[in-house]
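Mind having a look at this structure? Questions to follow.
The first chain written gets the first letter, and so on, giving A, B and C; residue counts start at 1 in each chain.
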Amino acid sequence: MMNLNPVLTIALPLILAFTKIMYRRIANLFLIVGSLINIFVVMFLKEGQYLMGGYRPPFGIILQVDTYALYSLLVLNVLFAALMLLVTKKAENLTSSSLIALAALNGLILTGDLFNLFVFLEIATIAALILVSSIKKYHQAFNYMVAGAIGSTFYLLGLGLLYKQYGTLNMARMHELMAASPSGSAVAVILIFIGLAVEIKLMPFSSWAAGVLKNADEWIGPMIGAIYGGVMMIVVGRLFTDIFVMDAKVRLMLSLLTLITLVGGEAAAFQSRKVREVLLYSGVAQAGLEALLILNGYPAIGFILVLSNMTAKYVMFLLAGYMAEEAGGDDFDRLTGVFRSNPVHGFAFTVAGLSLAGLPLFFGFIVKLNLLYNLMLSHSYWLPALILSASLVEGIYMLRMILGLWRLPEGHRGGLQVRILGSSHRRKYAVYTISMVLSLALILFGLAPDNALSIARRARGADTDGKPLVLITMKGGIGQ
Amino acid sequence: MMELLSLSLLFLGIYGLVTKHHILKMIVSLNVMETGLNLFITTLGYQEGQIAPILSSQFPSSALNFVDPLPQSLVLTSIVIGVGTTAVALAYAIKIFKDHGCLDLEKIEGRL
Amino acid sequence: MKKIFVLGLMLLLVIGIYQLAVYDPLHERTMAFEDRDSQAYLDRSVNGDPGEVVFGKSTNLEDGAANTVAAIVVDYRSFDTLGEVTVLFISSLGVAFLSGGFGKTIRLKHKPGFVLRYGARFVFGIILVFGAYMFLHGHITPGGGFPGGAIIAASALVLSLAGEISGEKMKAFKILEGAAGTLYVLTGIVGLYMAGFFMQNVLPSGIVGHLFSAGIMPLIYLLIGLKVGSELTGILDYFLREEVES
C-alpha cells in the first residue's frame, strides 16, 4: 500500500503554480492535472502526524491527518477538481491563483499549528481576492479585502495573547495547557472567533459576502460561496472543539452571535427575489446554524451538515451562475420556467435545494432529524424549536423559488427559451454530469446514511462534552 | 506601556477603516493597523534588559538572557503578508479609479 | 456623530483588551520566557540537548545559524516561510492580473539625462551587491532574504526610473521568480525523500557563526532573496506602467 506524505497536497499545487509562469500556453493542463493529482494523493493518505523539517512537536510545524481532515480533504479536492474541469475557459488567466487557493485550502485543513493556520488563511484570502476580481466588481472586492484584513488582524491579535499566556503555537499543546488552566483566555478566544467570523460569514461581519456573491458567476459562486465557506467552517470546527477550552459564558456569547446570524440570514433570504441572493443569505443562515452546533457540543452533526451543505450549495451556485449568465439576470420573474427547457439542470437544482432545506428523502433531512433528536434527548427545547422554525422558513422560500423556476410563465407555451449552455457540447455534458452526480450523491446518502453518519461520529463524536451522540440510521432505527 | 500604545495604534487603524470612505485613506489605515499589530506582537517577547537573539563575538553563549525570538519571526512573516495585501489594495485602487473616476467608496456605491 | 461613537467603541476595546488580557503585573497570564517553546530554539535543543551553544565553537548543531530569528524563519518554521513567499507571489500575480499584464512599454514623463542614466547604472551595482550581502549573511547577522530581496528591488527601481528596464528584462525577472519558487519547494521535497521530512536540512550544519554553516539555510535565503527581489520588482514595474499609461 502506498503511503504518501500530506505535504504533497500543498507542495504539488505550489510547484505547478510557480512553474506555470514559464509555460503560459499549457496553463489549463497544469490546472486540471494538478487538481486531479491532488485527489489521487488524498486517496492514499494515511492518518497520523507528519513533521515538517524533522523537528518534533510542539516546536516544529506538524500536519495532522485524522478522519476529520481526511474526509474534508476528499470532499474539498473532488469539488475543486470538478469546478476546474467546468470552468477551464474562465480560469485560463487565473491558473496560478486557483492552484495556490487549492494549496492554501488543503493547508488550512491539514495544519496542526496555529500560526501556520494564519499564514494559510492569508494566502487563501488573497487568492480569493484575485479570483473575485474576475467578476469586475472591484469596489465589492475591496470591501472583501478590508473585512478580511480586519478579520486576520483580530485572529493574530488573539493568537498573540494566547502565545503570551501559554507560550506555544502548536494546537495539541495549546489544548493541553488550556485545559489545565483556562482562566484568562476568554478575550483571546473571542478575538479569534471574530476573526474567523468574517470568513465564515457570520452576520454583523458578512456584508462583504453579499456584495461579492450577488454578482457571482458560475465560477466564483461555487468557489467562494460553497468551497471557501465550507473549508473555513471546517477550520472553525477544529479550533472550537479540539483546541480551545471555553467556559459557559463565552460559549453563550458566541452562540448569541450565531443565533443572530441564523435568524437574520433566513429573514433576508425570505425577503429576496433573486436566485443568487436567496442562496447567499440562506448560506449565511446555514453558517450560523453550523457554528451554533459546533460551539454547543454537536460537532459531529455540525461536520456532516457542513459537508452536505457544501455540496448542495455548490450545485446551486453553479447552476444559478449559468442561469444568470444566459438570462442576463437572476430575478425570479426573469427566470420563470427556466427549468422547463432545462429539465436535467432543474432536477439537480431541485434536489440540492430540497436537501439544503432539509426535506425528507434527501441527505439534509437525515442530518436535521439526527440533530433534533439529539437536542431533544439532552432536554433542551428552545433550541430545537428555533431550528425547526428556521428550517420551516427555509423550506418555504426554497420551495417558492424552485416552483417558480419550474412554473410555466403566462402566455408562453414551451417555457422560457433559455438554454443553459447551449453553445459548447462538451461543457454542456460536463455540467450535466457533475451536477447530476452530486445531487444523486445527496439522494444516495439520504437513503443510506449509515456510513456517512458513522464516519462523522468517528471524526468528531469522541469529544461532545461527554454526551453520547445518538444516531438515527436506516438499518435498525436508532443506534449508539 | 508599549502594549497599550501599540494596541491604540491598532484600533486607531480600525477606526480609520470604519469611518473613512476614501480608498487611499483606508489603505493608509490598513497599514497603521498592521503596524500596531506587529509592534504589539513584538512587545510580547520583550522584557527589560534582554538582548537581541543573535549569537556574536560580543554575546557568544546561548546561556545569556536573550529576548523571545519567536514573536520576532512571526512579525517578520506578518510584515511580508502586509506588503502583499497593500500591493493588491493599491492595484484595486487604480482599477476602481479607472472604472469610476473617483476614489470615494460612498460615492461609488451610491452611484451604482 | 458616528465618528465619535466609533472612536468611543475603539477606546473601549483598547482599554478592555488591555485590562482583561494584557495588563498582568503578577504574571498570572504570562508564561515565563524560559518555559515557552521558543527557549528550545535559543538552546538549539528541539531534538536533543547539545549543552551550551558557543559562538564560533559549537559544531554539528541541529541548526547552525547564529541568528536565532533566522533559524526559526528558515529552519524550525520554514514551512511558514514557504507560505510567506507564496503570499508575495500571489500578490504580484494579483497586481499583474489587475493591471492587465505585459505589452506596454514605460514611457517616462521626464527625460532621463546623462547623469541620471550613468549614475543609476553605477548605483545599481552597489545596491545589488549590498542586497546580495544581506541575504548571504542572513544566518549570521540581522537581515536575510526578505530585506535583501527588497534592496534588490530598490536597485531595479533606480534603473527603471532612469528608463533602463525593458520588457525583456522583466520577462527574465518573471522566469527567475518562477524558477526560484520551484527550487524552494523542490528543496523541501528533496528533504522529504532524502531525509524523511519535508524541508529537512540535508547538509552538514558546520560551525556556528561561520559563513559556510547552517546547512541549506544560506541556499534557501538565496532563493528567497532572488524570489522576493524579482517579485517586488515585478510589482513596482506594473505600478510604473500604470502610472505612465493614464
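Keep in mind that, in the parts below, a residue touches a chain if its C-beta (ideal position, glycine included) is under 8 Å from a C-beta of that chain, and two chains touch if they have at least 3 such contacts.
The structure displayed is predicted, hence computed values, not measured ones.
Of all chains, the one whose Cα centroid sits at the greatest distance from that of subunit A is C. When the interfaces A-B and A-C are ranked by C-beta pairs in contact, the top one is A-C.
Subunit B and subunit C, compared by their mean Cα positions, are separated by 16 Å. Subunit B has its Cα centroid 29 Å from the Cα centroid of subunit A.
For the pair subunit A and subunit C, the distance between C-alpha centroids works out to 32 Å. Multi-chain contact residues, meaning those touching two or more other chains, occur in subunit B at positions 14, 70, 77, 81, 84-85, 88, 92, 95. Counting partner chains per residue, subunit A has residues 115, 119, 122, 126, 129-130, 133, 157, 163-164, 169 touching two or more of them. Each of residues 17, 22, 36-38, 41, 77, 80, 83-84, 87, 90-91, 94, 98 in subunit C touches at least two other chains. The residues of subunit A lying in touch with subunit B in their complex are 115, 119, 122, 126, 129-130, 133, 138-139, 141-143, 145-146, 149-150, 153, 156-157, 160, 163-164, 169.
Taken together, the subunit A residues at the contact with subunit C in this complex read 5, 7, 11, 14-15, 17-22, 50-56, 58-61, 93-94, 96-97, 100, 103-104, 107, 115-116, 119-120, 122-123, 126-127, 129-130, 133, 157, 161, 163-170, 173, 184, 186-188, 191.
Subunit C meets subunit B in the complex at residues 2-3, 6-7, 10-11, 13-14, 17-18, 22-23, 33, 36-38, 41-44, 52-56, 66-69, 71-73, 77, 80-81, 83-84, 87-88, 90-92, 94-95, 98-99, 141-142, 146, 208-209, 235, 238-239, 242, 246. Taken in their complex, subunit B has these residues touching subunit C: 3-4, 7-8, 11-12, 14-15, 18-19, 45, 47, 52-57, 59-63, 66-70, 72-73, 76-77, 79-81, 83-85, 87-88, 90-92, 94-95, 98.
By the touch criterion given at the top, residues 16-17, 20-22, 28-31, 35-38, 40-41, 46-47, 62, 75-80, 82-84, 86-87, 89-91, 93-94, 97-98, 174-175, 177-179, 181-182, 185-186, 188-189, 191-192, 195-201 of subunit C touch subunit A in their complex.
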